[in-house]
């Protein structure tokens, strides 16, 4: 649900990733790690929702 | 709906007199046109203060939280669904309540009315069946109520209360063939950049006055996450990132619980349509969990329980 | 741009994915180094607030694995 | 006799350098010799202890006297070529044999050509192919050309149910289920439309929830073909496997598979037969350790127990159950010696650090070259020293070594450190070690954080040392940020009430009560009816032919005369309060009993049919009613001309989609009894699959030998039982003749299934869960078959699932064994990592109560915070689900606190 | 006192010209309502409005304002030294501010600028500001400026007053600061007597339209504790949502909260508007909250505006009668009724 909401407001789908991996699934871990890294890398640096120095007067 | 007023007064009087309830919660006519004030009555002789018309757009369930006395309350569809949620979440018990059900034909969008009269000051509103007349200095116009419904009321499919002890009138026909999520789908079709732009612009004016949060019956935590300091989740200035964080978390806390009553938008002093956050969650709850909040007094919201067959397509 | 390496805030369940990550190490499987792992007792521990907090702190990605 | 490893176990740190440098490649038996490993090796990556050993038969040094590469490269000097075989003498009061089985070697089947056809593999080899750590790294490819198979066949009963060529008359019990599982996983694995076919005789998915899995497999398109393949042929070009078989209609089919898996059965290895002789224990005709129905884990020699597949083919849950059961048996013998060999450890008093400014010590491990070879450890160390609150940062070659531990303790005291970070390998294995060092140094073990710069950094980023170093710095910084917020946590001790409650007075309940009492514990046994015995009161003989009633009355009288057992008949539970170690249970007579643990053995009951004229014609009876007739020596049984058994009455139907497990054996046994009574009686068994698993298969064979006729029917074409002018007519379509036949029986026996008791109330009282079929749900289907997720409550007998007496008894003993692990400790330690509620913040919304799988949160009942949540630390498992779900921020998880995790997020 | 006549187009042009010497803020239509925005070429000022949704207070006293900043970087020679954040105090003009909102600055001044305490940020912002008021020809039904010492053409705090004469504006300089501003305005011509007369008539007419019947006369004579213990507070506060709408829209609310924000090695000390409606407003570090009930917070707001201020500064109530809280309170809590309850208690 959170993922849906964040994507709805413009956080790119590849930024937030979920997975289930059992402790024996080392190869799955690596596969998913590669997928996640690739998808984040493809999106480039995060642009939205980053807290910077407060924009105040 | 103004004709319900007399019935509400009679019912309240009877309930208070018979000692069935200690207090009765309803609206009284506002001091400003198109504004009504929630009111609690304990004296049966004062029931004539009570009032109901198509501009009663808050959520009275808000006033039930953790009360200990016996309460009579009026509730239309969405308010009654919030009462159900309140009962489920231990904020009030069913036994404490005498619910006077209101078949609702929707609440008028006062901002739309103002727009229609060129933002001139409205001095008077008269409701006649499915029409209403607004007048002010040098103008008087009559409108169809159906065309001036608040956007949540226009797509509402639960106009009749889901729990009640008695009804002020027989149920109204539920709307059919409305697509409550047309606006959501439009946003869903945008690319991330556009979406971000849309929402950033939308909340740009936010004052962080928290009227949206406080008007919402779902927000009853003793300390809201925005007020927590260890750790501090959200900065307290009007920094755009902090404001966005507040809106995301506020909406997320309503996930699976929101009845789209529209109170948040109704109260916003700067007119932010923040239902665009919660509606997305409502849409997902319906799609993934076949869930609409407050319809079933026996079922916890989907995010409160875990079932092995829960939606999990997003999981790798 | 091609030199840019994202930082991905990663929440791993102690019992499941953290074990898988350990095993990946034992097996010397190589994978990208962008992950910064926070061990949690269960992926259920990961509150939505953490995910928002991670993004707010500039994480380029978040990965929650149970 | 202890074989030499040629490795000093105390020095080996399992860094793997030796295996990397070892020049000698050998077949890897763990991967069924399909892959390679080195002459110096660990069995498999998750082996415990994770220590290397040298295979003397393959090692170049041992064979040719040259090499010693491992010795040269081992960073800790753990190699010891002088290691000798060692004779170890152990004094023991009891012995448990859990020696297991070996899989049948199908090379003996010339028609299957297992040895010569590359793409014919055994099921165990196939398991390795599917495994991520297997020879093909988890990619589903076939051995001949490493191509993805499009079509795979499984051939069941290879080495089982066969006296023709392998002398294994028994069913291996597990192959049907594992074949279905392998087929399902293959389907999931393949991102293409894999054709999976299983060739079987009877599909024996009789275990808990197995039948549903079988049905799901059918839905997923796995083909189940009832056929026995005679011959496999190989296409010499493509190496595909061609098969010919007769389908159910008798028509010959020809199919070509890319791969064929032989579902091989279990057998006792020859050397074990020898061991058995040495030990002097009896084996049965199948070379399994002989046990009795009422003594399922006792061998013929007192004091020697057996569990697992050495006493007959069985699956994991049954083996695990028997393991606990055997432990109970051994525990019984040894109960007088309990706690006589324990030693007390001296622990210094804990230093109170509350209110102190954090003084962090950071210890970074090089792990030889494992970390140090990739990560620039000195630079990480120097960086660590600059972090806030860090008083001390150091690195060492092996932080986990004994001397490093001593140094660490010394530094903690000298520098007055009050928080410690270790950056090394994984906390999963090493956290306890370092925590012990903290405790030895007078610190609370929770002011510690470990970060993994080996398994999750240096080992996996070999190609980019700079990035790995940067990552290590980040990880250390995150750990330091977290640890500075860690607080000492208390582990509270709770007394365990030494009394036990057993719910249910059937065989399982009585055995549980008796076993507990024999170990010296006081037991309350609650039975809802007026007598002990349960379903067994209605049984005549076990499948092995024991007389049930005589054994049962022995058991009942021993329970009734036992001073330690207090029996409550005609009694039900009305309320349960408390938690592990301290339950308070109210009975319907208002009696309140206090107990530390509970065993749920409420059993099941026979399904009362409404089909097949049952209840309308006295000649139609159930299983148990037939047993009653046998028990009463009913003369009418002698005069029966035609008897028909109908299987799966009320089981394996959409309303009750599970197999009742015992009915096939029961019917076959009863059929034999009828034949024994009168060999001229015609006995027909109408069945769907005969599920005489394990050695029960031999009964099935005997029945056929005695002339019992087995006719198969399908769910779609069930038998029709009618009363035609006073006689009963049973019509059924014969699967071989492919036409309808009619039988006029004078006795119809319905193999009525087993249904659960109404467990709802009990489940709520103890906060247990039941599955869709209404049976209680164990904590883990395979590994914790007698535990509940609720601590201190255990499960035995048919309340868990339909099962025969021996399995009920084993489970009852197992439940006791598990219970005694709690009782014997007399105290339970509550972990410090538990959730904690702040009532001021709580909004009483009850999300935590609904979402907690362990019922740890509840509402405070009195005082100023009435109605707010509190957490019972004794029930909390520290998963943090409630904390994440709490909108109000009223909950926190000690040890993984919100502020601590946020501190880590902030440091990324 | 200069009176000049501008056509409305001329006036807009004049303001554009003034943007060289001042930061000129003008009312701009933004969605459903008006708000003050810096003058720019793309969006023309719109002087046809009742009042801006938010008062102009944030132009002198921003909702969030960085006071100090500091570095936590040990390598920075000035690490851990807290420094005042430099600010731009160049002249600015708020053009089109309603007299009630300008009156608001007068009301809050004693708080920010008194003998004991001078708030450097508020004072410098205020002193660099020219208040160019626009008289109200058509006051709202909810306006009660006349009851609280103001009026639709009240000149008290203004530097310049604009009269909307239909096609033209008559612009009057009222102070030196105002005259200086006006002298830089291009175009326009001197107003003739007829125009001055017309303007005065407008003012008189408008004054008649404002309800002056919100009673505040007896407030100063009441005993604080009596009012505090009055029985009506529970009823007054029942509907309140405890949102900050009334306080944030109000031209006379001044409360703020100071927060430190640290991001990496950079620290900022920021003051943000606070609201007495929020429970956090009075939450003690101990967890105790002296105003933990809703009615207490509602009482505080009214007592502060209508009694404590009255007693402390002896200059009337802390309310400029703009009517925003009446119009925009989501639950229609009406200060006019509360004033009456208190005054006549």
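Quick notes on this one:
Every chain is named by a letter (A, B, C, D and E) in the order it is written, and numbering of its residues begins at 1.
One rule holds in what follows: a contact is a pair of C-beta atoms (placed from the backbone, for glycine too) under 8 Å apart; a residue touches a chain by one contact, two chains touch by 3 or more.
All values derive from a computational prediction rather than experimental measurement.
The minimum number of touch steps linking chain B to chain D comes to 1. Centroids of chain B and chain E (each the mean of its C-alpha atoms) stand 31 Å apart. Centre-to-centre spacing of chain C and chain D amounts to 30 Å, using the average Cα coordinate of each chain. Averaging Cα coordinates per chain places chain D and chain E 72 Å apart. The multi-chain contact residues of chain A, meaning those touching 2 or more other chains, are 2, 6, 11, 17-20, 24-28, 32, 48-52, 54, 56.
For chain B, residues touching at least two other chains, in rising order: 225, 231, 235, 237-239, 241, 245, 248, 252, 303. Multi-chain contact residues of chain D (touching two or more other chains): 45-46, 133, 840, 881, 885, 898, 902.
Here the chains touching each other pair up as A-B, A-C, A-D, A-E, B-C, B-D, B-E, C-D. Listed in rising order, the residues of chain E touching chain B in the complex are 30-33, 50, 53-54, 63-64, 138, 140-142, 235, 238-239, 241-245, 247-249, 257, 259, 261, 270, 272, 275, 278-280, 283, 326-334, 336-337. Residues of chain A touching chain E in their complex: 51-54, 56-57. By the touch rule above, chain A contacts chain D in their complex via residues 24-28.
On the side of chain B, the complex with chain E involves touching residues 30-32, 35-40, 58, 62-63, 111, 114-115, 119, 121, 123, 137, 205, 207-211, 213-215, 227, 235-239, 266-267, 269-271. Taken in their complex, chain C has these residues touching chain D: 5, 7, 9, 14, 18-19, 21-31, 33, 35-42, 44-50, 53-54, 57, 59.
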